[in-house]
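The following pair of complexes shares a single chain, subunit A, combined with subunit B in the former and subunit C in the latter.
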Partner chain A sequence: MNQQLLTSLSEQYASTNHWAVLWPEIALALLAVLVLLVDLFTGKVKALAVPLVAIVGQIAVLFALLFKASCEFEGSGVLFSGMILPSNLSEVMRIFFVLASILVSWLGMVYLKKQYLPRMEFYCLTLLVTAAMMLLAQSANFVMLFVALETVTIGFYVLVSYGRNSAFSLEGGLKYLVLGGTSTAILLFGIVLLYGIGGNPNLPAHTTDSLNFAALEGFLAANADNFIAKIGVVLVICGICFKIGAVPFQIWIPDVYQGAPTPVTAFLAVSSKAAGFIVLINLVMGPFAPMKELTVPLLSAIAVVTILFGNLTAIGQRNVKRVIGLSGVAHAGYLLLGVVALCKGIELGAWAIIFYLFTYLFGSFAVFGVMAQVAGVDDENQDVDHYIDLARRQPFLAGVLAIGLGSLAGIPPLAGFIGKVFLFIVAFQAELYTLLGAAITGVVISIYYYFGWIREAYYKPQSWPTDKPVQPMQVCVGHKVALAALAIVTVLLGFYQGAFGSGF
Partner chain B sequence: MDNFYNTLILLAIDIPMAAAIVLLFGKKLGESVSKIIAGIGFIAPALIAIYLWCSFGDAPKEYGYAYLRSFDLGLHETLGISLTLGLNGISAPLFLLAGLVGVAAGLQAIMSKAERKSTYLLLLLVMQAGLMGVFASVDIFFFYFFHELALIPTFIMIGIWGGFGRRAAAMEMTVYLTLGAMLSLLGLIYIYQATDWEGFNLIALTEYVKANSISEVVQHNIFGLLLFGFGILVSLFPFHSWAPRGYAAAPTANAMLHAGVLKKFGLYGLVQIAAPLVPEGALAWNPVLIWLALGNILIIGLVTIAQRDLKMMIGYSSVMHMGYIFLGIATYTVAGVGGAVILMFAHGLSVALMFVLATAVYQRTGTYDMRAIGGLGMKAPILAGFFVAATMASIGLPGFANFWGEFTIFIALWKNYPWAVAPAVLGVIISAIYGLRASAHIFMGPQTEAFAVASEGKTITDITRAERIPAIILLIGLAMVGLWPRSISESINEQLLTQPVYSPATMASVEQSAKPVAATAEQKEEPAS
Partner chain C sequence: MNIGLNEYLFVSGLLFAIGFFGVLLRRNTLVIYMCMELMLNAVNLALVAFSRYNQTMDGNIFVFFIITVAAAEVAVGLAIIVALYRKRRSVEVDDLNALSH
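Moving on to the complex of A and B:
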């Protein structure tokens, strides 16, 4: 009997398992294994071979993805019993995550060169976390979402405390672990409430599969006023707000960003935030769409507070990793504008978010690339003061830094400006005037700290002792090429968006 | 042939940009080569501007725009943005202004002794590209975009090559102007929303406004955003505090371009975009605008008198003259707005000239403090002549372009707001006081002791060729319009007549009122020719 049941179940579920759909995730996982093997067998050259294999492998995946993305996507019905639902959005985000992962691996090379730490594990974890993020972007079921999210989070627990020789890194890891655990609990509680209430046979449109996004959407549409369902929705959104670093779940950001090794900070700032936003987009477009009476005011309030909090607290910081962290909080706030617009039914909102995320990726990695170069052995100790007169010591790095920060500040003609225009227009379409007011205030405040940083690099202070010798910095050609590419893309996207500006 | 002109207008933006890129990657070119490249980058757009200006009258026009051309850079489908270039009667003179001041500032910079000159020229070239783009854009998004493109180099240049107090000045200016820019961006997107997401193309927007009406509340909000956004950028009282400090700290060529051309962006936006698209909003805000403009003229005028630093004085005087232009716009008549556009052109040239000459004075005396200089006219008579001419132009004496601008504005003001004429004319007296006093302090009288000590053992040369060429270019422009105002007033007049908001019986009966205005406007221009 048992045997029969198992066979029939496995047949029923396995029949929709189209593994080919998940080829990029599988490729990344295999690449992680390959990195392990390379580390085992290469001996002395492994310091070079491991990152090389990881990066070249990822670039191959990226090109394969780009080639595939230009083909039409075939919607093939139910996949993995409804766990996975690829869409145009998730296809684009796969490219985003691989691109970010390549850049993180590259920053890892720069960072690990200055540290006495194991190398292979870093690349291995980065690859696995990226694969999990890709799955997260495609998940269409809360079980899949939770498993993917936990894979990401657990990977980050290790990565944040990767600099085990540094007390700051360990402290950051511990804080991330405790607060991350709390947020996971909140998220899980929300999921469980939704599962329970969705399966309640006394309610109309109840469903046996209430973890499935589509089924849940049907249920919520019929029970939009149900109190427990509302609590469930709020708790799930809170759990995701932790990932994107929105107020009031931003408390971990400054310490963790400062303590984590620079490449991991970049990974957190870009990929982890983007992953949170993709989940949020999928949720507000899918299951939570009927709940917009609740989600619009909730997310609007979070957005306003997040923008103002992030910008105001960033002003007083001297440590650049904290500046980036808190300004990243503000960026999450700007992105929430797009999410709120999406809740209100403006479909361009999703593309506006993705466009902004890409500009944020290029701008941020340009800045992080410079930070990784400028940082000394004490990775957590990176002050704005270390950038004084960078324009003289290393004009190239100063130029890339200015472009990156300018793009983050949203200054034309850089990519970040077009991203902000996208979000503003979408917000106008949704008539979110209060949010626009907050966003404008935030942008003006942010000019102060972004330009404060650029100012240190460029404007020689008037009391600078002239006899101090200028110490030139060395940057090797490969890193220069990567940094220059980021800067050029940032400038080009500001002038010419081409097909990238025209949406899905 | 059409295509040829259209390409020229694009080249006016692209050549300085290309020159900037060459300088960026060619750090090792050597100074003389980079000077030549920069020179091409500044002279080419000026020549193109003059050429297009000369052929503007006969060029075929669509919706009042000549040389129209559009490029989709990727945002057309989603956001309705495409790069559309063209010139109409209002933008053509300002395009010419950008070319003229650009070449003057560029030559000044090329022949100056700035440190890290290739970077200095690079930033100035980017600024020049942006300035040409601002006035050539028919798409209001790109109008804004090019303005910001030109603004960014300003911040950097003040920070690196600026004078005393540059760090604070650069920061203040950056934050302040970003606020202004953001408000105007919101206003422009608001227009996009109010016109049913048709796009950012000004021609399409104008057609939309003709066919449909925008609700009064929305018009009121849009104009409010644009008025204060643009107002901050133009240093409308009381949002002016960045301007004098910024100009005092800015390197000369940068101050010339910013005060001369870039600041006209906001005024141009009000004349060309805000008032025609949201006329009811414009009229509703008018009382506020007039009082603030009078604040610019009187309060800032008195502040200007109190200045002892020559560059601060020029900075404040430029803020003060913005008041006249605002007043001209506030009349919403063909004559008033036409006068405002002429004054924009004239002020752009004259303030740039003042900055060139102020720097020349500084290089001879080592100070901007007017009380510490005296009797420079004995040593440098030609410089003194130039300076007095520039002062006369800036005060608005006949013979220079400024006169026609102010004169037409006063006449328009007399017809619409007679009570405002007296304070406005008082402003002319104020500017005569500080202008003539500055000339007197610097050039006349005996040498002060401080100056005698400072210049001991040095021979003070008269104006050099490096200073003379930019000054002559600017003076020729001023005198040409001063003696033959019809050269620019005609195109402005024609363009303004097509816009219903500038007719006296506004909006009520557009067709009927268009003719009488034409007649009065013609009359007023009569003494000019």
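Moving on to the complex of A and C:
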């Protein structure tokens, strides 16, 4: 009797396990295993073979995803007993994460060439973290969300401290670990409170599946005033704010960004932040939608402080990794504008956020590509001074840097400008005038430090000796092509936004 | 004396607070690390208590996931601390100030 019950139960749950839906994640995990094997069985050519396999494999996944995205997306009902819920958003984010991961692997090649470090683990971890981010974007249950998030975070602990010969990298790793672990605990405590209160049999509309997003939404709609539920929501949002680097959870950003190897800094700045935002979007559109009275003021306050703090602290920095880190805090603030608009029911907010993330990806990787080339062996020591007179030493790199930074600053014809315009439009539709004021102030401040950096590249200071010979830098053709592609896409997205543009 | 949900939640909240302030106030990396584990265990206790009170199994299952993830985190974390100790000959937070502006 018990045996029968068990079989029928397991059949009932297994019937929703459609593994084919998760093919990109499985492909990336298999690719990670393949990278391990390639490293094991290739002898002297391994330095070339490992990145080649990783990058070509990811490009294949990217093209398969792009091909599938051109087909119509059909909802597939309950998957994995409600653990996974793919949507149009998560399909686009899969493309985003693979694209970012290809670029990180490419930067990793540039970085690892200058270091005496093992190579294969870098690509392997990048692939696994990317697969976990894809799962994170589709999770519809707090257990799934937690496991995917921790796979990402633990992968990042290792990646941040990857430069194990450098005390800076290890220190960055330790700081990320302590603060990341604390934020995980805060997030978990929030989840536990929501689970406990959502399943409380004494409350109206209680549910037996309170870890599930849809079930929790039903409960919160009936108990929006419950005090414990409110604390749970605030704690969960705090945990996510740590990942996106919003004030007051931004303290780890400058140190970790500086200590981490440049490709990992890029990975943190782009993919990790994007993963945090997709989770936040899923939460405020799903389970936390009935808690509008709480989430709108909370996220608005965080957004204003984040924008101003990020921009004001970035001004005084000389290390370019810290500049990028703190300006990234400000970008998280702009993106929060979209999230607040989304809370207020402007559905377009989600697409404005995703478009902004794409422009941020292209602009940032153009800048990081130049940084990886200019950086010496001391990866953590990258000062603005190192860029002095870059335009004469290597005019191509200086050009890409100017386009990348211009896009991040939001200078009109470039992609970053359009991204900001879209975000501001949705914020205007949601009547967030205070937030808009803060954001525009922030953009004006940001122009100061972004252009300070560009100025270093194009002008020599007065004290610079005039007879100093120009030392040209060598950049290989493959990297030039990749950098040029990033710069061209950044310019083109400013003029033509495709399907994104027609929505606005 | 009957021990109910509130007593468990009180202990859990207390453990969480001890862990949280430990992370903020202690200066030794290993002690900070233990405080982080204390916070995760506070969460586990609350999960089991809620799971029993709500008569659903999800919370009990979640505990296993948390324990597994915490083990992975400890493995990575101790490796980083050992590597850092080899470089700097110290695990005190006050000595870890190479990264500052």
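Some notes on this structure:
Keep in mind that, in the parts below, the second predicted complex is superposed on the first by the 495 of 504 C-alpha atoms of A that agree within 3 Å, B and C clash if a C-alpha of one lies under 4 Å from a C-alpha of the other, contacts with A are read in each partner's own complex, and residues count from 1 in each chain.
Just so it is clear, contacts are C-beta pairs under 8 Å (C-beta built on N, C-alpha and C of every residue); 3 or more make two chains touch, one makes a residue touch a chain.
All values reported here derive from a predicted model rather than from experimental measurement.
By the document's definition of touching, of the two partners only subunit C reaches A:185; subunit B does not.
Of the two partner chains, neither subunit B nor subunit C is touched by A:3. Once chain A of one complex is fitted onto chain A of the other, the partner contacts of A:455 are limited to subunit B, with no touch recorded for subunit C.
In the superposed model, A:164 lies in contact with subunit C only, and not with subunit B.
Of the two partner chains placed by the overlay, neither subunit B nor subunit C lies in contact with A:474. Touched residues of subunit A, counted separately for subunit B and subunit C, are more numerous for C. The touching residues of subunit B, when paired with subunit A in their complex, are 73-79, 141, 144-145, 148-149, 152, 155-156, 159-160, 166-167, 170-171, 174-175, 178-179, 182-183, 185-186, 189-190, 192-193, 197. Subunit A makes touch with subunit C in their complex at residues 142-143, 146-147, 150, 154, 157-158, 161, 164, 167-168, 170-175, 177-178, 181-182, 184-185, 188-189, 192-193, 195-196, 199-201, 206, 208-211, 254-255, 258-259, 316-319, 322, 380. By the touch criterion stated above, subunit C contacts subunit A in their complex at residues 9, 16, 19-20, 23, 29, 32-33, 36, 39-40, 42-43, 46-47, 49-50, 53-56, 58-59, 61-62, 65-66, 69, 72-73, 76-77, 80-81, 83-84, 87-88, 96, 98-101.
Per the touch definition, subunit A reaches subunit B in the complex via residues 348, 351, 402, 406, 411-413, 417-418, 421-422, 424-425, 428-429, 436, 440, 443-444, 447-448, 451-452, 455, 458-459, 461-462, 495-503.
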